[in-house]
Amino acid sequence: MDPILLGCLLCVILPLVAFGLIMIFTWRRPNLSLAISLVASTIPLIIAWTMLFKLWGIKEPLIFTFNWLVSDLVKVPFGFLIDPVSLIMLVIVATISWLIQIYSIGYMGGDPGFGRYYADLSLFAMSMLGLVISSGLLQLYVFWELVGLSSYLLIGFWYEKFSASEAGKKAFVVTRFGDVGFFMGLVFLTIFFGSLDIAGLNAAAASDKMPPWLITTSALLIFCGIAGKSAQFPIHVWLPDAMEGPTPVSALLHSATMVAAGVYLLTRIFPFMAASATAMLIILAIATLTMILSSTIGMVATDIKQVWAYSTVSQLAFMAMGLSAAGLAHGTLFAGYFHLTTHAAFKALLFLCAGAFIHHFGTNNFFVMSKEGGRKLTIPMVTVTIAALALCGIFPMAGFFSKELILGTLAHLDNKIWVLLGLFGAFLTSYYTFRVIFVMLFPRADDHPAWEQYWEEPEPHGHGHGDDAHGHGHGDAHAHDDAHGHGHGGHGDSHGVPWVMSFPLLVLAGFTLVLGFLQTPLETFLLGKSEPHEMSFVLLASAVGVALAGIGMAWLDWGRKTASWQGFIKQIPALETFFIQKWYIDHFWRWFLDTFIYGVFSKWFTYNDRRVVDGGVDAVAFSCIGGGRWLSFIQTAFLQFNLLFMVVVLAAVGIYLLMGR
Amino acid sequence: MNLLSWLISPPGVATVAFILVVVVTILGALIAVSARNIFHNVLGLVLALIGVAGLFLFLNSPFVAMMQILIYVGAVCIAICFAIMLSEPMYLPKPPRSSFKTLGAVIGAGTVFAFLVLLTKKTTWTPAPERSTDWSVTTMGHYLLTEYVLIFEVISLLLLVAMLGAIVIARGGRGAS
Amino acid sequence: MTEHLASFPYLSCMLLSPVAGLFILLFLKEEQRTLIRGVSLVSAGMAFALSIYTFVAYDKQLGGLQFVEKYEWVKGFGITYFVGVEGMNAPLLLLTGIVIFTGVLTMWELQDRVKEYFIFQLALVTGVFGVFMSYDLFFFFLFYEIAVVPMYILILIWGSTRKEYAAMKLTLYLMAGSGLIIPGMLLLYSSSGIATFNMVALHAVQFSPWIQKVVFVLLLLGFGVLAAVWPFHTWSPVGHVAAPTAVSMLHAGVLMKLGSFAILRVAMYLCPQGFQYWAEFMGLLAAVGIVYGVFVGLAQTDLKYVIGYSSVSHMGIVGLGLATGTVDGLNGAVFQMFAHGVMTALFFSAVGFIYDRTHTREIHELGGFSKIMPVASAFFITAALCGAGVPGMASFWAELLVLIAAVQVFPVRGLAAIAALVVGALFALRVVQNTFFNKPNPKFVHFEDVSPFLGLPRMILIGFLIFFGIFPQTMVSLIKTSIVPFIKGM
Amino acid sequence: MLLFNQLETYLYVALVLFFIGLYGVLARRNLIAILISVELILNAASLNFMAFNRFLAPHPAVGQVIALFIMAVAAAEAAIALSIIIAVYRKLKSVNVEQATELRG
């Protein structure tokens, strides 16, 4: 067997086997489960890196396919497509999921669901790796759904918390909403094109073999799925709620890999999508709107994970903008894909740092962390700052290079509004990122009035968020009855961050610093050639300028000694409320669900079922009973009466018959 | 005169006897259904049965006539007497007759009667072309055990089952001692 | 259709093994519970093993009708004992084997009238096996009725919630269905002119179009009652709720498939022109059922009602697949019959376990069961996810095939059915969340989880779901061997 | 033609018996009386058989056998009916047929 095929198969099968073994046999035994899961994630890691080095510089994609399901029109192949795009993503996924498994040893240690946690992580690893190297769209859809499933399981990991199980359900249903569009797109392609092979689709679209209407329709339908998975407006609402899951999960699924699957798909079938300018324009508009929206919400959040979640949404939107702009301007997919790569590193880092703080302080509120002395945790504090700088796009962090590229692509468009909006988004990003960093770095005195204000945070679903966080944080430090404490408690400074948690931080910080300088080799690998980027000085200056302006704004509001600790947005209360309420999109969906799905369809269909359909049947039954009862007056139970009736009728019939003769 | 002489001739005697037997039968039947006292009913039945036995004699079957008396009069009527004694006491007041019911019964029975009369009238009765004349009891016994043995067996089985059934029903249901 | 006679009467053995078990049970005493369960298990196990054997040993290259046994029964009426296996009934025989075997295991804890229970259950299953393997219309209908009647007694005696009402409703509905089937069947028989009940022979007869139209709609509605085709579905949730666990499993898992299988096997097979005429109507009913089922299920508060309505929706998928009349659609429909059967058996099996302990199925009274019974909950959650169409489970592939075929033939109905998937997911997850997540109800915390022995039947069911989810081709290639000639013959 | 040598005579006698018996069955309230009336009907039937046997049948044994059969049936029937009557009496404390109305619809 081809060693590469074997490697691909192992990447998919090993974690699946680990999932099965843990779920069936060892879920009650944490150490054994951990061992199985680690083995099943380390081998794919090695395979991924080996393949990257062995295949560095391949020109032609390697494709392996087998029949998975052959019906008549529907033919689903199972196969692997190994090309630079999938190789890099494979490495990213394998690496980050391995790091997160290491990190979770510390973060999740002592949790009663430890075995289940690792089983779910393995399931995720399996489905994500399978997704990345899928050769056909339908196979990709299968793994896509499985990724959604593992996301559901992991978000609702602490299922006893109402908000967690609710968030899991929301994530699954909302992404499913998008996936239905995706599925319809696939159905259209199957019926009208006949094949879902990725390479074939890209080639056909590029060479005008498909009717434009089909490309546009199916591209937009597939984008529904992308929007669901990558949290684009208006179905981004699940991602912030998904932060109810354990923080390593947020880092792995909901920032670095799974949500990036949407953008990855966009890259994967980039030539196909780019063949429709209409679709590209719509995607660009949606992505831009998403970016602005999520950045503004990030400005007012007080939960550190919420801030990073909205930042994830905005960065994903930024990638989508880069890709769609490239599609419009006949550019390459490199800008968006490069940002995906760098983002994976620094966003995972941000979340893992947040996790380290949360683990230590037992709260998600970064004001509380600041007050409790968050900056004394040296390693997370340094790494989080590095990651924040990368997020803002400050040289020499990785984010600088990739953001520049995207802005450059946007600037290529004729309409300059997009690049201006992109710059505005970058400004907001810098502002909210450094709001967190400055608050953490420069706590105020204990009697500062701002503490009171940020101690309790607004929560949309009425469930004390801080309380939940305590639930999995410090079981003994705060009075509560949650069963899933981490089994370690106490705030002593002697207790730092365990090495299993700081090691991944350092590795990721390393990537964040190094990745940016790998731009040229990566581009050569991906595209076969590296084009010189004529980066205009104005754009470069304005990009760095807005980033610095954002940081400066944050310094004015939150950093300096005399800062008011009030966001500048406080000046416009109506707008602030609008942002805190998340642009009322959650309210809209809630209202939609309650009014239409539950209120109209469900309620009236049920009513119809009980009254009309069932009622009709019951009416028939009861009228039979009634008719029988009415007729039963004949049944007087006087036997002789019956007999009389009988003989008279019989005899009458007999006489009648005889008369004829 | 002619009538008188005919009456004392053998056919005449036979005819008179026949009329007497018929009268006895019908009288007995009338008593059996109309008397208010249940014992009188049984006695009427006995009378009617004896009458029918007489008719059987006229029909050349002394054996069946004898059986009629033995089984009906000797067994069935006695069983009815027992039933009467085991059930309702005789001294209880009888419910009054309902003329409505009597009328209904007469109409019902009358319709059937009319139908059967019509049937009898309208049918032409043709004897079988070849008729055996062997009326001896021996032959009948022979037939009963050869050609009609199935009927014989069925009768035995029926009687057995009836006996068992009667015992079970009269015992007073399951569980009664 | 080519027929290959059996070297050994596997099918008769499959049919007779429950009968043999039933007769042995008649001679046992109520007190010998272990023996009774053992005998039932062995006879169900034999049927199960034989069904696996026929499934595996069916020669896909050879195709046609295999393991055929044919004996004349009543020559004057043209009634033949004619059984066989082909691609479309092999999965269903396997399904019946799975469900009866796991059903017996599921009812292991039954304490009340054990002997009678197993006798009726085995009688029921005999009928089901008979329907799936019969190629003689008379025997088909005979077994069909045999399968329906014990259900009444099983629900009436061992049921729960409003059992008299449910049993009566179910029986009357199904009898009404039979009332439509018999005239249809006899019309076919009498107008064929060859006086035979042999379906293969009847298939060769060209019935006049109007007869086909009349008979098809009679059979569609008559069998549709059993397949819970909207709007004749209301017996099914009520019946599921009232029935004891294994009966619900058999009922929703297998008995509803009798209806859809009969539509395929009898109605579509014998009246192709009637099918062409009524296909639009059939697709409409099915699509309405799919959408309707999920919405009504969303508003239910009783766990079994929820499952009942999900069955209505999933059987709608079967109906839609049949209505397309394409190879993909029929493949998907038969696959869905199998997948839904296993899935819904798993559903009821898991719910039954919880109900046996808590004596409530109200979603609001339960809650947090994952904490109390993690294993039992995992079974239910797996079934729910399968119901929500998660890949990796058998029903995903079935739905995929049906939906693609449906969009091709009936675009609007197909797209509506796809859109219903969202609500389907919402509805499955809502139940899972309210029942198994959140804080446990303190009333129930002392209950013990499923023991490994009682977990076994559920594991078998999950095993089949996942096996065919990962290797769908094993199933589809088999079904295809009969569907392709079937479509050609239409 | 002599009166007792004609088939019709016997048939009419049997008819009258039948009429009387049927009247009794329809009119009497006492279960025992009804039983007695039934015996009359049975006798009418066996008289018919005997008459046909005498005047029409090819072989004289046929009707006689049937008459015997009717007798046996009547005996059995009487036994059963009487035991039923006794059972009814035990349950209802009456042999009035109008009291036995448990099957009223």
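Lettered A, B, C and D in written order, each chain numbered from 1.
Following the convention adopted for this analysis, a residue touches a chain if its C-beta (ideal position, glycine included) is under 8 Å from a C-beta of that chain, and two chains touch if they have at least 3 such contacts.
Just so you know, these numbers come straight off a predicted model, no measurement behind them.
J.: In terms of C-beta pairs in contact, which of B-D and A-C ranks higher?
T.: It is B-D, judged by the count of C-beta pairs in contact.
J.: What is the distance in Å between the mean C-alpha positions of chain B and chain C?
T.: 63
J.: Suppose each chain is reduced to the average of its Cα coordinates; what separation in Å results between chain B and chain D?
T.: 6
J.: What is the distance in Å between the mean C-alpha positions of chain A and chain C?
T.: 37
J.: Find the geometric centre of each of chain C and chain D from their Cα atoms only, then give the gap between the two centres in Å, rounded to an integer.
T.: Whole-Å distance between the two chain centres: 58.
J.: So which bits of chain B are touching at least two other chains?
T.: Those would be 101, 104-105, 108-109, 112.
J.: At which residue positions does chain A touch at least two other chains?
T.: As it turns out, chain A has residues touching two or more other chains at 640, 643-644, 647.
J.: Multi-chain contacts in chain D: which residues touch at least two other chains?
T.: In chain D, 22, 26-27 touch at least two other chains.
J.: Give the pairs of chains that touch; include all such pairs.
T.: Touching chain pairs, listed by label, come out as A-B, A-C, A-D, B-D.
J.: Could you pull out which chain A residues touch chain C in their complex?
T.: That would be residues 23-24, 27, 67-74, 76, 138, 141-143, 145-146, 149, 152, 156, 159-162, 164-166, 168-169, 172-173, 176-177, 180, 183-184, 187-188, 190-191, 483, 597-598, 601-603, 605-606, 609, 613-614, 617, 621 of chain A.
J.: If we count contacts the way the header does, which residues on chain D are in touch with chain B in the complex?
T.: 2-4, 7-8, 10-13, 15-24, 26-30, 32-33, 35-37, 39-40, 43, 46-47, 50-51, 53-61, 64-69, 71-80, 82-87, 89-90, 94-96
J.: Give every residue of chain A touching chain D within the complex, in rising order.
T.: Residues of chain A touching chain D: 629, 631-640, 643-644, 647.
J.: List the residues on chain A that touch chain B in their complex, please.
T.: 640-641, 643-644, 647-648, 650-652, 654-655, 658, 661
J.: Inside the complex, what are the residues of chain D that reach chain A?
T.: Going by the criterion above, the answer is residues 22, 25-27, 97-98, 100-105.
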